[in-house]
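Letters are used for the chains, namely A, B and C, taken in the order the chains are written, and counting of residues starts over at 1 for each.
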Amino acid sequence: MLNKNEQKLREVREKTAEILEDLMISQKLALQAIEACDSKSFEQVKVPLKTINKKVDDVDNLILSIFALYSPEARDLREMVAFLKMTSSLQRIAMNEKNYMKNMEICNPESGEDMRRVIKESLSINRCTIKALEYTVEMIHETEDKDKLKDLASKIDVENSKTDDIYSLIEKDTLQRMHKDHLINEEMLNLLKYIRKNSKIIDRLEDISSRLIFARIGGKL
Amino acid sequence: MAKNNIIMDIKDFDFTYAGVDDPSLKKINLPIEKNKITAMIGPSGCGKSTLLRAMNRIHDLYPGNTYEGEINLYGSEGEKQNILELKKENDFIKLRQKVGMIFQKPTPFPMSIFDNVAYGLKLAGIKDKVEIEERVKKALKDAAIWKETKDRLNKSALGLSGGQQQRLCIARAVALKPEVLLFDEPTSALDPISTGAIEELIAELKKDVSVVIVTHNMQQASRLSDYTAFMYLGDLIEYDKTENIFLNPSEKLTEDYITGRFG
Amino acid sequence: MNRLLLNKIILILSTLSAVIGIGFLFWILITLSYKGITSLHFSTFTNDLVGGGIRNLLVGQFTMALMASAIAVPLGMMAGIYLREYSNNGKLASVIRNLSDVMMSAPSIVIGVFVFALFVDPFGGYNSWAGIVALAIMMIPIIISTTDNMLALVPKELREAGIALGGSKHKIILQIVIKAAKVGITTGVLLSFARIIGETAPLLFTSANNQFFTMDLTEQFPSLTVSIYNLATYPDAESRELAWAAAFVLTMIVLCINLLGRYMTRNKK
């Protein structure tokens, strides 16, 4: 009810959006770096991720103080609980991105043509993830229009399904080739693993969007 | 010691009501920070109102009370004055012009709205009509009640609603430009909407005055205040920043009270 | 069955009592009005007692009542203020309150005799001052009591609020507390006035009566109530008629003052 309360709620939203934007920058840098297959710029990608843990702690503590001081109810309560759960998802996304970059170091100008082809195809997943991140940030800022929120949520859903499809295609194609060549390429299998783990990011984004729907529209957590 | 962030300082303060054997307040040590809101919470009978009323010596209306210790008021140059040593009526009057009080029950005087707010000014000896008018207008604006009263300044204050009357009492106190404002459960007799309006008002006021508020409503203390003092049976159990008291209190007694384990 | 029957019986009995009580009241009023109005002429108000009218009696009664008020109201109010605001409910205060209550129920004739001994005998005869003093003695306890009680109704927070603004005690009492109790105190004054304007015994052997119009307070003074007492016992019909007229006028006066008192306390939100 007081201005202080409103201010703090807004701060939570903004700080969370900031974390998502850091993740987005990191993803975009990763996309560029992998397209160029230039392992030197891989280090750059990790930079935005370094401060994520501290930022997440800040948001957690902010939410905690809001609970202690303002006893939020109804919509404010749902929002704060939703954001509290979101921060752990965000931390995991950051972890996923770090690991992905570490693993993608196998992509360099010396790697085989097949590898590079598969990697290029898998980049569509990254592009979907970036789109989903954009939608998620928009959702955080959209506090009023319920239809728009549902719309954004379904868009994230769509991107998620796309990544599933892309991955299935890549997997099928790769396994077929291996079968044809009677060759089990360890490296290639690992690559598939890394790609699959990367698409977990967008799964988590879908979690985040459903929590935002709970916060803004209602229902169960 | 540089004390320019403290406006009042309670040191080893004991207080015993007339005709009672045991003291109602025991060795209280409490600083009041300048331009901040300090809340005093605790179950009924813990002494929080008694302590508040000692801070403008209003206990002296009723003879026979005894006290020990110091309550110091710091002036703008850093000069310190123990208000417990005041004896002359003039000194009391000056003290109460610096340390104002708002009560639980709204207490409009039986006169017009204008006269109510001007009363303290007239008591202080201000005679210039223009000055009085200006200060009344400013006080009513600061108390967020100017719009509702500007067209009926000459009507009786008793015609206002409860929430408006309480804001009028705040305007009356603020007109004197006090350094400290003491609030004794100011919203417990009001409905939630008036309560919200007055809480907003108090939050605004801390720019110009230092606020001490006694409340039995813990959420009010946690929403409004910067510092909180928890009292129990005449003792000050814990004093800290509000966020610490409500998130991480040091004393078990404080924690039990805040979590509602006793009343 | 028993309970229902008992209920009905009690209901009937209480209604009957109420009706009887009101019935007597109406009987008195109707008789008084009838006998009074028929005895009223224009000359009743223009002539003095010596001429068969009540002009000097009305003026005299009011004069004494007003003079008594002039003495009793300030004394009574100040005593009431002392009791409530200054005395801190000590022993002296309770003694004063008890005495005041006793005085309120003192027989008016005893007060009359007391004043006779002090103000009539030593001064060589009936005089109006004695009557005024007697009336004042009757008024004071009532005013003390109502002032005390009306001030008690003013919440203590109001006083504290005034003090908290830097007011001194006497200023707060004068400017705030008394104002807050204004209506109650005024009503108390009005009602005590209505009480004494209808008293006979205090005037009987203090100011007695006077047939003529006079404003000389050192003499016997015309009194409406004493006249009714005298006229009612005279054998002639004219006197009796005048007694009825005077009684009716007195009743109307007291009634009007009481109604005024009620009107003043009507503004309770």
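Points to keep in mind about this one:
As a convention for this text, a contact is a pair of C-beta atoms (placed from the backbone, for glycine too) under 8 Å apart; a residue touches a chain by one contact, two chains touch by 3 or more.
Quick caveat: nothing in here was measured; it's all calculated off a predicted structure.
The greatest centre-to-centre distance from subunit C, using averaged C-alpha positions, is reached by A. Nearest to the global CA centroid, when each chain is reduced to the mean of its CA atoms, is chain B. Chains joined by the most contact pairs: B-C.
Averaging C-alpha coordinates per chain places the centre of subunit A 92 Å away from that of subunit C. Computed from the mean C-alpha positions, the centre of subunit A lies at a distance of 51 Å from the centre of subunit B.
With centres defined as mean CA coordinates, subunit C is found 47 Å away from subunit B.
Under the contact definition stated at the top, not a single residue of subunit B touches 2 or more other chains. Chain contact summary for the complex, subunit B toward subunit C: residues 56, 58, 61-63, 89, 93-94, 96-97, 100-101, 103-105, 107, 109-111, 119-120, 123-124, 169, 172-173, 176.
Per the touch definition, subunit C reaches subunit B in the complex via residues 88, 155, 157-168, 171, 175-176, 179-180, 182. If you check the complex, the residues on subunit B that touch subunit A are 196, 199-200, 203, 219, 222-224, 242-243, 246-247.
Against subunit B, in their complex, subunit A makes its touches with residues 1-5, 64-65, 68-71.
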